[in-house]
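The two complexes that follow have chain A in common; it is paired with chain B in the first and with chain C in the second.
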Partner chain A sequence: MKAKIFASIAVAITGAVLLYAVSDFPRFGDPRSPANAGVEGGSPSASLYYIENTYRDTKVPNLVTAILADYRGYDTMFETVVILTAGMSIFAILRVLRRDDAPGAPASAPDSSDHSIDGDHHRIIVATTCRIAAPLIQIFALYVVAHGHHSPGGGFQGGVMLGASFILLALSGSLRDTLVRFSEQQYLRLAFIGILIYAGFGFLPLWVGRNFLDYGALSGLLMTSGEEMARSHSMLGVEIGVAMTVMSIMFAIFANLSTRGRLHGGL
Partner chain B sequence: MIVTFDIIILVFLVIAAIISLSVKDLLAAAMVFGIYGFLICLLWAEMGAVDVAFTEATVGAGVSTVLIVATILNTRRKSTD
Partner chain C sequence: MQSFFQEAVIPHFNFWIYVIIMMVGLWSVIAKNNLIKKLIGLSIFQTAILLLYVSLGVKEGATIPVLDHHALIESSHSESSEGSGKKAIAINPDHYANPLPHVLMLTAIVVGVATLGVALALTQMIYKDFGTIEEDEVLKKIKALHDDV
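Then we have the complex of A and B:
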């Protein structure tokens, strides 16, 4: 009880200090705030540069995607690596790789928690609806990935949606049926291939003597009319890599969490 | 930016945060946390940060809720705290 009072006092004081700091913030969307206009007397701000030059440099209308995948591509690449590491950590902690004949898990016993459609008529409406919805979700997710540099979206969002469609199938039907379509071997492989695609787009410019992730150098390889279009197309490639990794890791985390790493049975 | 809309969402946001922290049933807490994520998504969309809102809708309100629920169903449902 005492700890709770102290915690409440600490939270209240921190909140009060944060609220006090808010009064020093510039107004919402203030064009003369330091973030938007740069420090007075100093160089022009980064956001002004991006707003003025992004479309000219990359022919990508969505500034956010251009910054994430091109100007700050290095950050995004390692964010994807962070996702991969999270998935691998969960795999390392939870996954049970020993055979099922170990004590406590009889191999021959029927899987009582496995509610396939044939075995459980109460779930047939839910399962059928989700099976119809899943391809639509996947098509929308592919649109989000492919259109990410023209409209909101991109690799992360599209990848999560693709992963969520498999999670939906596993939740409504059974994890076993979903794992037949998207096996552990496949998703682990896809997760690493995604990172390799991203890193490949980074390493290719090094080959012709340019910087890491300098997509402009790929205009010859991608057969584009100029360096701007090469940057635009490379962003699409990079987003596809991100989407593959995120999709695989999201499904891997769910599969391992929901079955305590055994990958059979399920919720 | 519509101030009234902001204030309404922020009030619900605080209510959702307090409920998800205080509820003893962890499954209910996970659901309210999903609502919290969706409210933040609304707030960001309304402020013009559509990319962030999209990410919050998919990751925060969608997949992470499912992952938390999957974890709760494999552990205990009641909070002892």
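Then we have the complex of A and C:
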């Protein structure tokens, strides 16, 4: 009770201070606000440069994808590394590599294979529906990754959808059956290959004496008509790398959390 | 009271909402005893920040930051036929929402999910070691362990 009173006072004071500053902010939807147009008398906002020049520089109409994978490519690469690190942390914290449980522990349910659709007739409809839906989800996810230049989408969104399709399979059927198709070895490998693809696109321009992640230098290698198209195609490459890492780590997080690191039984 | 609403609340209602949601998250992080509820509070807190950033990029009458592809191709074709070469295509920034906050929040959302996974894993290990995820009981058990040694 004491903690709640203290928390209420602290929250009230913090909220009051934040609300006091609200009147100094620009009004909602103002196109001339500092974030949208830059400070008056100072330099214009960076977003103006992106909106006006992205299509000329990269031939990518989706500004979000272009900024994410090209202008801020360095940032995005290490965001992906953060996701990989989170997946590795969960592996290190939870994963139990012994086959059998500790001898002192009370014997848990010997095998939850009874929860598969063969043992539980109530799950047949759900499991069959999800099994039919999963490939469609995956095709749409691939479309989101590949078409991320021209419509809302990209590697992160498509990767999360791909991971969700595997999680759906594991939830509706059984994790064991899903792991047969997408084993731990495979998803860990894919997670690292995704980062390597991204970093590879970063290192390739160094060969011809350009900067790290300067995709324009790849126009000879990718046989494109100009530097703009090379940047466009390289963005697709790094988005695929991001999608692979995100898909693998999302599924790894689910598989480890739902089974307390044993990767069998579970939900 | 009405003038206060007209001048302070309505033009800045996105900031009011973000402060309220953020305080809900902060309150549950401080006041709640259950570790899972604290994590839910952290997620609410994060959502408030995402909302703040995205709402900063809103422009009145603007559309999503995806350029009209076909119009751009046509205008560049007609320009090249006139022989003006690689002249910049005129794009009015007021017609497109600010893309920068979207980019920043896009990565923040995915990283937030991944770090939430780490937090849940740690909570599972705490439950495995102490048999509870109530913070005061965990602290009591840690204290008892120290007293034994």
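A few points about this structure:
One rule holds for everything that comes next: the second predicted complex is superposed on the first by the 254 of 267 C-alpha atoms of A that agree within 3 Å, B and C clash if a C-alpha of one lies under 4 Å from a C-alpha of the other, contacts with A are read in each partner's own complex, and residues count from 1 in each chain.
In this text, a contact is a pair of C-beta atoms (placed from the backbone, for glycine too) under 8 Å apart; a residue touches a chain by one contact, two chains touch by 3 or more.
This one's a predicted model, so the numbers in the text were calculated from it and none came from an experiment.
After overlaying the two complexes on the shared chain, residue contacts for A:152 are found with chain B and with chain C alike.
In the overlay built on the shared chain, the residue A:257 is in contact with chain B and with chain C.
By the touch criterion defined above, A:31 reaches chain C but does not reach chain B.
Within the superposed three-chain model, A:165 lies out of touch with both chain B and chain C [touch as defined at top]. Applying the stated contact rule after C-alpha superposition, one finds that A:64 touches each of chain B and chain C. When the two complexes are superposed, the chain touching more residues of chain A, out of chain B and chain C, is C. Contact with chain C, but none with chain B, is seen for A:15 once the two complexes are overlaid on the shared chain. Shared contact residues on chain A (touching chain B in one structure, chain C in the other): 28-29, 62, 64, 152, 154, 156-157, 160, 250, 253, 257, 260.
Those residues of chain A that touch chain C in the complex are listed here as 3-4, 6-8, 10-11, 14-15, 18-19, 22-23, 25, 27-31, 33, 35-37, 45-48, 50-56, 61-64, 67-68, 72, 75-76, 79, 82-83, 86-87, 89-90, 93-94, 150-152, 154, 156-157, 160, 246, 249-250, 253, 256-257, 260. On the side of chain C, the complex with chain A involves touching residues 8, 11-16, 19-20, 22-23, 26-27, 30-31, 33, 55-60, 62, 64-69, 72, 86, 88-89, 91, 93-94, 96, 98-103, 106-107, 109-111, 113-115, 117-118, 120-122, 124-125, 128.
Chain B meets chain A in the complex at residues 1, 47, 50-51, 53-55, 58-59, 62-63, 66-67, 70-71, 73-74.
Within the complex formed with chain B, the residues of chain A that make contact are 28-29, 62, 64-65, 144, 152-154, 156-157, 160-161, 163-164, 167, 171, 250, 253-254, 257-258, 260, 267.
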